[in-house]
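Take a look at the structures below.
In the two assemblies presented below, chain A is common to both, partnered first by chain B and then by chain C.
Moving on to the complex of A and B:
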């Protein structure tokens, strides 16, 4: 095994990891602020992917349609998320985790069937958008330019989100809600509205991931189940509610899956779960989280 | 229903009547219904086993299907690959699930609440991965089909009786466990682990016992289903299957022994009913689940007993008022 193959494998692992990061970041922010483990987050991602497919295929004659989709589809999923939060989730914040888990499981079923109703059971593809169609030579091995773009997107979103949380007033409010919602409420901030906003932000991220993924993969039913458990692994490794944790967790899971294939091709998937168990037993608050 | 619960004589008649109904059932209904009943009984056993943790001990597990699959695969492998006698292979299911449950549970009870739940999910996913990928041993995603069962169990009527005996025995055991001093300790842990610890009870050890017992009964349900369908698939261990079991428990009501039984009967009947009309039955299941969580968190049994109790409470108040 040469160094080129290693680098290539690392990059392809990272590009998958970065898409998962976008979903996991939303999951983690939502858990941090709302204290809800949103199983349906993968479904929001899948809805985003289907919207991406619909827009790019309907308006295929327009130049740069993918880039317009990249702006519109996440907004659509954010609005969907806002609706879900206001109509459903808001009613169960006071309930036990079991009920939240089962409610969001119900949402998985509903959203999955609605996607089946609207888009059917086929496999759809989205062409790689101009100007990212070619490949870049990484140490003499060709690597798809689009995957490099995905890695760039993941890092850019991470830095942007981190700066947003750290330096803007709104970000500070979100972090304050994560720490102590009663106190923030007492300070006169409309906490329910913050919740809706955070949930919409999370769904915007899932929609962004859903739009970015199709050119690298296919759009089909079942994508929701495929990603959500991986995102749980990431969020647990990094620490429930921690944004840098979600980033580190995605990098770790991406690399673990990419290199696990060399060690035990069949059981590569299990490595993530084994790491998750170790983290939960040794350091349940995750690599980047803080002990309660 | 209300009448049965009220009158003691009628209640007794229900207790004697029910076995007669179940024994005579195959005379009156067709094979399709008999097979649905068998499935209901197996699911009821699995859900009650899960509820020993969920409802009695207050331990939310996201991965019961992992242990169910261990039972099913143990029986399948012993029957198909090792050619063991049927009785031994059936016994191997709960034993294997109990052993795996002891190892998994020993690690899981170190954490509580959401971390406990996520640990059970991760372990179930590892079991799923092993089952899904280890082609040589478990048949991978093709599963194991054509599992040999003794000739006398090939007929659905005989298998119905076989399941009836085993499930009723297992449910009686679970009921006895739930109402024993051990069961009371589990309920105390659910209500307040801290205080239970102060009384001098080793909370973790009791949680581990509950985990092992629950696993063994889940394994028995898996074995029964394996011999019923004569095939096993990795889907048995998938987290969707785990969530289904949780939905069944919630549907019936987790704070009542009969809840999961009622839940599995209603769940399978409704799923059969709706899926005969539409291919989008999951959509309706999703809506039912959402409505359940929003408006009927006590489940069917919770709703019934609340209604019944509140009416009786009113009556008692009225009676007290008359006396005064």
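Moving on to the complex of A and C:
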């Protein structure tokens, strides 16, 4: 195993991890602020992927259609998220956790069936957009430019979100809600509106991941279930509600799987779960989370 | 007095309504011959479920329009197994116990298929498989009540690809990638069985097993690229997973680096939307269960077009199989003169089906229909808008399957 091959495997692990990060970050932020574990988060991602397919295939004749889609599709999923929060979720904040699970699980079924009705059961693809079609030579081995772009997107979104949370007034309010919502309410801040905003932000991220994924994968039913388990592993490793936790968790899960495949392919999938179990036993609040 | 009269009127008309409903149901139950169909109707594999249900419905409408079977109409009741053996088994039991279906059909997942098969054995209900291909279901685990009208893993994943590879390149170092479940392992086992016989010094240098449903194979592909293999073999990576794998392998240049054996690529339902210039399994050896564009029989053309008209996509091999299953049941019921399970089974064993892919016999020793398997090389031709197998060859007849002697030995173990 040369250093070259190692670097290559690391990059391919990161490109898997970064897409999952976008979804897990939304899941984590929503949990942090709203205290809701949105089981249907993968479904929002799948809706984003289908919207990406619809827009890119309907307007295939327009130049740079993918880049327009990258702006529009996440906005669409954010609006869908806003609708879900206002019409459904808002009613159950005061109830116990079980109601959340039932509601968000119900949403998985509803959104899955809606996708089936609207987009059918076929397998759809989206072409890799210009100018990312070629590959870049990394230590003499060709690596697809699009996968490098995915890694770049993940890092850019992490830095952007982190700066937003840290340095803007709105970000500070969201963090404050995460820490103590009663106090924020007492300070005259409209907490329900913050909730809607945070839920929309989380869904925007899921939609972004849903738009970024199709050029290297496939748009089809079942995408929701495929990503959500990985995302749960990530947020447990990193700490539910923590943005840096989601980032570190994604990097760890991506690398662990990639090198797992290299060293012991038969067990590759298990490594992530084993780490999750260890973390749950030793540090249940996750690497970057805070104990209650 | 007046209000009392109204009350009585309500009661009587209510009772009449109930009786009317009851008799309709009783009449329907007595009349229709019910075929239970358990398949994956939601999620990643729902294309196959919908295709199978549609294939069955087309056959049933044709038969009912021509007067039904023994003067009774056929009816298919479809249920969703959600790819879970537990759910599939529950639905199968509900169909048999509460809906009183006469026969069970269906399933794509071999895990679900084996769960229902076990139940069929205990409950003595006829179960005919239209997709799930693990050869174990009808070989090691086979019994009187389970039939399969579809190819199985032996010709499709094993002998077909092995013959093609031995003929074409006879590569020595093979790396495999398969979905980590019953069928993935069964497929690789069948491929090894034949390929090592044909190319004795060949080796599987590594076997990779992503979980069923994976769509991001990047780290597996980078590993395959540096493995030093001459050729890769995909064991039961199909549907969306296969499409995603192909795109990723294409962008990493895997098809230029080594030979490809990609069994499922020959079946068109995954590829019908892929256009020239887009990633496809370039030059891969592939098997195919239903090359509908190449079959001359007019019944085939009519079926494929009817299927496309109803659901908007070309039929999968499963849709074709369910169509054959309904006709096989019709023929068996007419021959036996009854819907009684034991008598139907006696007729089905050894029966020859007159299908649009030729005359297909149901073998007695494993209740397996000797369906043909085609294989060839993936390419584009001017005739069709999607990639498909070219230089097509067919594996026909019993020699493509395990022999009855081999099965006896497998069962003896």
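As a working rule, the second predicted complex is superposed on the first by the 292 of 292 C-alpha atoms of A that agree within 3 Å, B and C clash if a C-alpha of one lies under 4 Å from a C-alpha of the other, contacts with A are read in each partner's own complex, and residues count from 1 in each chain.
Quick note on the criterion: contacts are C-beta pairs under 8 Å (C-beta built on N, C-alpha and C of every residue); 3 or more make two chains touch, one makes a residue touch a chain.
Note that the structure is a prediction, hence the values are computed from the model and not measured.
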Quick check on the chain A-based superposition: chain B and chain C, clash or fit? clash
Look at A:211 in the shared chain and tell me whether it touches chain B only, chain C only, both, or neither; answer first, second, both or neither. neither
Answer with first, second, both or neither: which of chain B and chain C does A:236 touch in the superposed model? first
Considering only touches as defined above, state whether A:16 meets chain B (first), chain C (second), both or neither. second
Considering only the touch criterion stated at the top, classify A:108 as touching first (chain B), second (chain C), both, or neither. first
Regarding the shared-chain residue A:28, is it in contact with chain B (first), chain C (second), both, or neither? neither
Based on the superposed arrangement, let me know which partner A:269 touches: chain B (first), chain C (second), both, or neither? both
Which partner chains sit in contact with A:5 here, chain B, chain C, both or neither? Use first/second/both/neither. second
A:225 in the overlay: touching chain B, chain C, both, or neither? Say first, second, both or neither. both
Share the list of chain A residues that count as touching for chain B in one structure and for chain C in the other. 112-113, 116, 225, 266, 269
Which bits of chain A are touching chain C when the two form their complex? 5, 8-9, 12-13, 15-16, 19, 112-113, 116, 120-125, 127-128, 135, 141-144, 146-147, 216-218, 220-223, 225-226, 257-258, 261-262, 265-266, 268-269
Can you list the chain C residues touching chain A in their complex? 42-47, 50, 180, 206-211, 213-216, 218-223, 225-226, 239-241, 243-244, 247-248, 251-253, 270, 272-274, 278, 312-313
Quick check: in the complex, which residue numbers of chain A touch chain B? 37, 88, 91-92, 95-99, 101-103, 105-110, 112-114, 116-117, 225, 229, 232-233, 236, 240, 266-267, 269-270, 273-274, 276-277, 280-281, 284
Would you mind writing out the residues of chain B in touch with chain A in their complex? 54, 60, 62, 107, 110-111, 113-115, 117-119, 121-123, 125-126, 129-130, 133-134, 239-240, 243, 246-247, 250, 280, 282-283, 285-290, 292-294, 297
